[in-house]
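The following blocks contain the structures, represented as structure tokens.
Two complexes follow with chain A in common, the first pairing it with chain B and the second with chain C.
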Partner chain A sequence: MSNIKIKSKNLNVYYGQKQALFDVNLDINEKEVTALIGPSGCGKSTFIRCINRMNDVIDICKVEGNIEIDGIEVNDKELDVVSLRERVGMVFQKPNPFPKSIYDNISYGPKIHGKGETKSELDEIVEKSLRKAALWEEVKDRLDEPGTGLSGGQQQRLCIARAISVNPEVILMDEPCSALDPIATAKIEELIDELKKTYTIVIVTHSMAQAVRVSQKTGFFHLGKVIEVGKTEKIFKNPDNKMTQDYITGRFG
Partner chain B sequence: MNLVLIFLITIFSLSLFFYGRSKTKSISIQNNIKLNALPKFYGYYLVLWCSIPALIFLLVWSLFEPVIIKSIIIETAANQGAIFNDKNEANLIYEKIKAIHLGTFFGDIDSILKESAISYAKFLNLFTNSKIVLIFGIVIASVIYSLKKIKNNNKARDDVELILKGLLFASSLIAILTTLGIIFSLLFESIKFFSVINIFDYLFGTNWSPQRAFVSDASKITSAELEEIKDAFGFIPLIAGTSFIALIAMLVAVPIGLFSGIYMAEYASVKVRRISKPIIEILAGIPTVVYGFFAALTVGPFFRQAGESLGLTVSSESALAAGLIMGIMIIPYISSLSDDVINSVPQSLRDGSYAIGATKSETIKQVVIPAALPGIIGSVLLAVSRAIGETMIVVMAAGLAANLTINPLDSTTTITTQIVMILVGDQEFDSPKTQSAFALGLTLFIATLILNYIAQRAVKKYREKYD
Partner chain C sequence: MSNEHTVKSYEEELQFLVDSVIKMGSLTESQMVDSMDAVIKVDKDSIDKIIKSDEEINKFRSKIDSQIMTLLVKRAPMAIDLRETISSLKISQDLERIGDLSKSNAKKVKPLPLDLPEELLANLKRLGELVIKQLNDVLDSYVNKNYDKAKEVWEKDEQVDDLTYIAMESVIDFLSKDKKNLDFSTHLIFATKNLERAGDHITNIAETICYLIKGEYLKGSRPKGKVIQE
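Coming up: the complex of A and B.
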């Protein structure tokens, strides 16, 4: 049994008057892929955005309850968000490379966190990150070209490389394949499989097949509540809850 | 007279609307046929057909009538023995004849003028009568034509669409033709100017003193006179002064405008934004003449006094005062345009940057601004073209002497100021001095055209990237 990396306790989130999450209790294991599934608007993305405090960006969003990473409270007002986000990287639904060169896209994070003082150290980080994201071979000869010029799948891998560049412990992925074609999706899934050796990964997905393929643990969300959490195999073969059963067999959602 | 005619045509054609509508309805019922369009389209069809040809005819007639009558009258006056040497004198006589006809002429009326005034009245009467007859003819013809059409159940909807399209096209044509007209008049007057003054003497001359050029008639200029005025039209001091003041203005406006744009777009809460944005935009609504006297009466003297207390000689009209105030005038343009482009940078880019641990200012500096840069450059270029075209502030606060200087405390002058100076008061229209204003106008026009083109390209390129 692997260690628990992230632990949420009675997490409630509000957008203005509207409550988006209700008493979410969820444990995420270290160096494993945890998939979050559920119909649109059920709070999956809201939940993972709590882990790196990205909800701070939204003015009307209010978070109550606890999330701990390695026993450290994330919602602590005293906590340094910058170092939290250094430890918890994120990949978004739509590839969002910066309007900079491929090289600068990757070196952006390390520079911000004061890693890689010299050019050669930076070069090394860039190469290592791109290799880990399985993009190096494709872009090594055009590192100074704009990242926005890559194909959709390459852009998403660039964004993964960017997240890896600061050497985080956790990577959050918010439907990372929803804007990609099946081939690019397969590549990303392969990559996720490889990355889980080093990182704890939480992935939000709308594709049951994807959840089955990449994850070890699955959580089913519905209307802001966690309905069922368990080993992926169990959730998809033999769920305890009727609602989970209905969702994964496509009867609603 | 014309107003009465327009009124009659309008009333008549509008009343035809109801006729056309009910007529086609009854035709459709009587003959039991399906109309090709809704009855109201037949009404529109009649209205358009009966009003437009007549109104166009009236317009064209009113444009040409005075010209034709004038030439006829001048010719008859000449035949009767009136003497005039050139066009101006002919015009004078024509004006006299008109005044006599209206009974507002108080002078000696000789027999020639009297005769001419009588024939003027005759012609005027003839023209008016034939105008009325012709218009009635046109209206009747178009009523007969269009009634015949609708009785044959024509495709009135398509025809109405076509006529409306034609009307809209005509409106845009007027706008385009006006622009072309202005450009060509600038161009032709400038060509006249450059036929006297060498274009290279103009473009590269360093001395601007058009008041030296007294020559009244450019076509009869002597070589001695030409030698005298040849180097009076040097463009360099003007473009130097213009650029210098624009530069000072940009030094003020770009940082303040850009920073306030960033604040509005990234930091200000909805509440603050809702209040402060309109206030900044009020700045853009202040008439430039108000800025002008503020610059001339407050800022200029203030700089002079401040300079004196420091032991500097500051002229009361200075490039610094004009540039500073112009910069303040331009702030809202840069601020609101860059606010817009920064706002249209997708939130996903900011999220990507925050998610990796960047702070707000790091994100703005390294992601948002680079992404918005083409748009920001575009807004700055638009502001520059405003700055070099701005007139009132510099006329009031920059000075008139064309000094070639880079001392901001000195008075200097700009292209627009000189155009104003050349054209105020009574002018000989064919002297090189007056024509030089057109050359300046043309140069200014080309400069702002190029700037605007580059700016719009930059903004457009930026939009394509993120749409």
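Coming up: the complex of A and C.
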């Protein structure tokens, strides 16, 4: 049995008057990939944004209920959000490297978290992170060039390297491949496979095939509720819930 | 199937695939009826027609294969659609094998004497009728996605085993009376065995249908009747 890394209990989220999540109970296993699927606006992104409190930046957003990482409540007002985000990295739909050099993109995080004191320490972190993100060989000779000059797929791997650089425990990915071509997508998926040995990964995806390929567990969201969670293989071969089946087979009307 | 697909052409492709399997099934069934009829009546004139119908069945098989390849590559089917697609692949394989066995039985009519004693054929006839009924029922359960009916067919194969045993015994008995009977008795033994094997393919189809409907395999081993030692 895998350990539970993240546990949400009766999680409710409101954007002003509108309720976005309804009593979400979901366990995310450690060092596994959990895929979240569901139609647009079903609450998957809202859910993962609760894990590193990205919803804090939205004034009208109100979060009720619990989300625990290793048994510690994420919504605790006393909790240091900066150190939370150090533990829980995030990669977004559109690659968003800083308008800085490739090197600075990676070294920025460790620097602000006080992780690389000397230049050689930072060099080591940059190389290690880029290697883990399978980007090192492609960029090692041009670390001082702007990150925004890379191809889309490389930029996304740079963002993954940036997330890894502060040595997080959890990586949240919000449709990380939706803007990438099939080869770049394949590279990211290959990378996710490798990263799950070290990190707990939660990925939001609109590609059923991708969810099958990369994840061990899948959760199906609909209208802010978790309809079904289970082993990925089970969900895509023989789901228990009719709504899940209708969604993954393209019968949603 | 539940609701319709958002993509209409996907819906049509799946339905077309299922229809092809049903058509192939009905061809296989009439071929088996004809072949059984030819054996019992020692009707040598119908042999060619039965061999020809096997070609038709084989053509269906390749047509279904190609439909499945297209579906897989175009739609990447999931859940019930995936099971439907894979099931049609498996069922069409079993149907093709059943077709081969019926053809093989038809070919055995050629060396048979026209004056075979009725009691010799009676047990073979009973076996043939049961296997035809099994095939009819299993195809029916496929058309109506009837789990209980498919399971019933699966369980009833025990009776096919028993009747095979009885039919074999009567042929062997006949053979032992006069060595002159050796030649065509051997053909009748093979024909009996072919029917039993067709029965096995029918139970495979029943298993596939159960998996298609519930998404899990039938538990436990199939009830088995008396078996001739090979």
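A few comments on the model shown:
As a convention for this text, the second predicted complex is superposed on the first by the 252 of 253 C-alpha atoms of A that agree within 3 Å, B and C clash if a C-alpha of one lies under 4 Å from a C-alpha of the other, contacts with A are read in each partner's own complex, and residues count from 1 in each chain.
By our rule, contacts are C-beta pairs under 8 Å (C-beta built on N, C-alpha and C of every residue); 3 or more make two chains touch, one makes a residue touch a chain.
None of these values were measured; they are calculated from a predicted model.
Placing chain B and chain C on a common chain A by superposition gives a fit, with no clash between them. Applying the stated contact rule after C-alpha superposition, one finds that A:246 touches chain C and leaves chain B untouched.
When both complexes are overlaid on chain A, the residue A:100 reaches chain B alone and has no touch with chain C.
Judged by the touch definition given at the top, the superposed model places A:236 against chain C, while chain B stays out of reach.
Comparing chain B with chain C, more residues of chain A are touched by B. After overlaying the two complexes on the shared chain, residue contacts for A:85 are found with chain B alone; chain C is out of touch. Contact with chain C, but none with chain B, is seen for A:209 once the two complexes are overlaid on the shared chain.
The least CA distance from chain B to chain C in the superposed model is 33 Å. On chain A, the patch touched by chain B and the patch touched by chain C do not overlap at any residue. By the touch criterion given at the top, residues 52, 54, 57, 59, 81-86, 89-90, 92, 94, 96-100, 108-109, 112-113, 148, 159, 162-163, 165-166 of chain A touch chain B in their complex. Those residues of chain B that touch chain A in the complex are listed here as 269, 346, 348-359, 362, 366-367, 370-371, 465.
Contact residues on chain A toward chain C in their complex (touch as defined above): 208-209, 212, 236-239, 242, 244-246, 248-253.
Put simply, chain C touches chain A in their complex at residues 2-7, 10, 76-83, 214-216.
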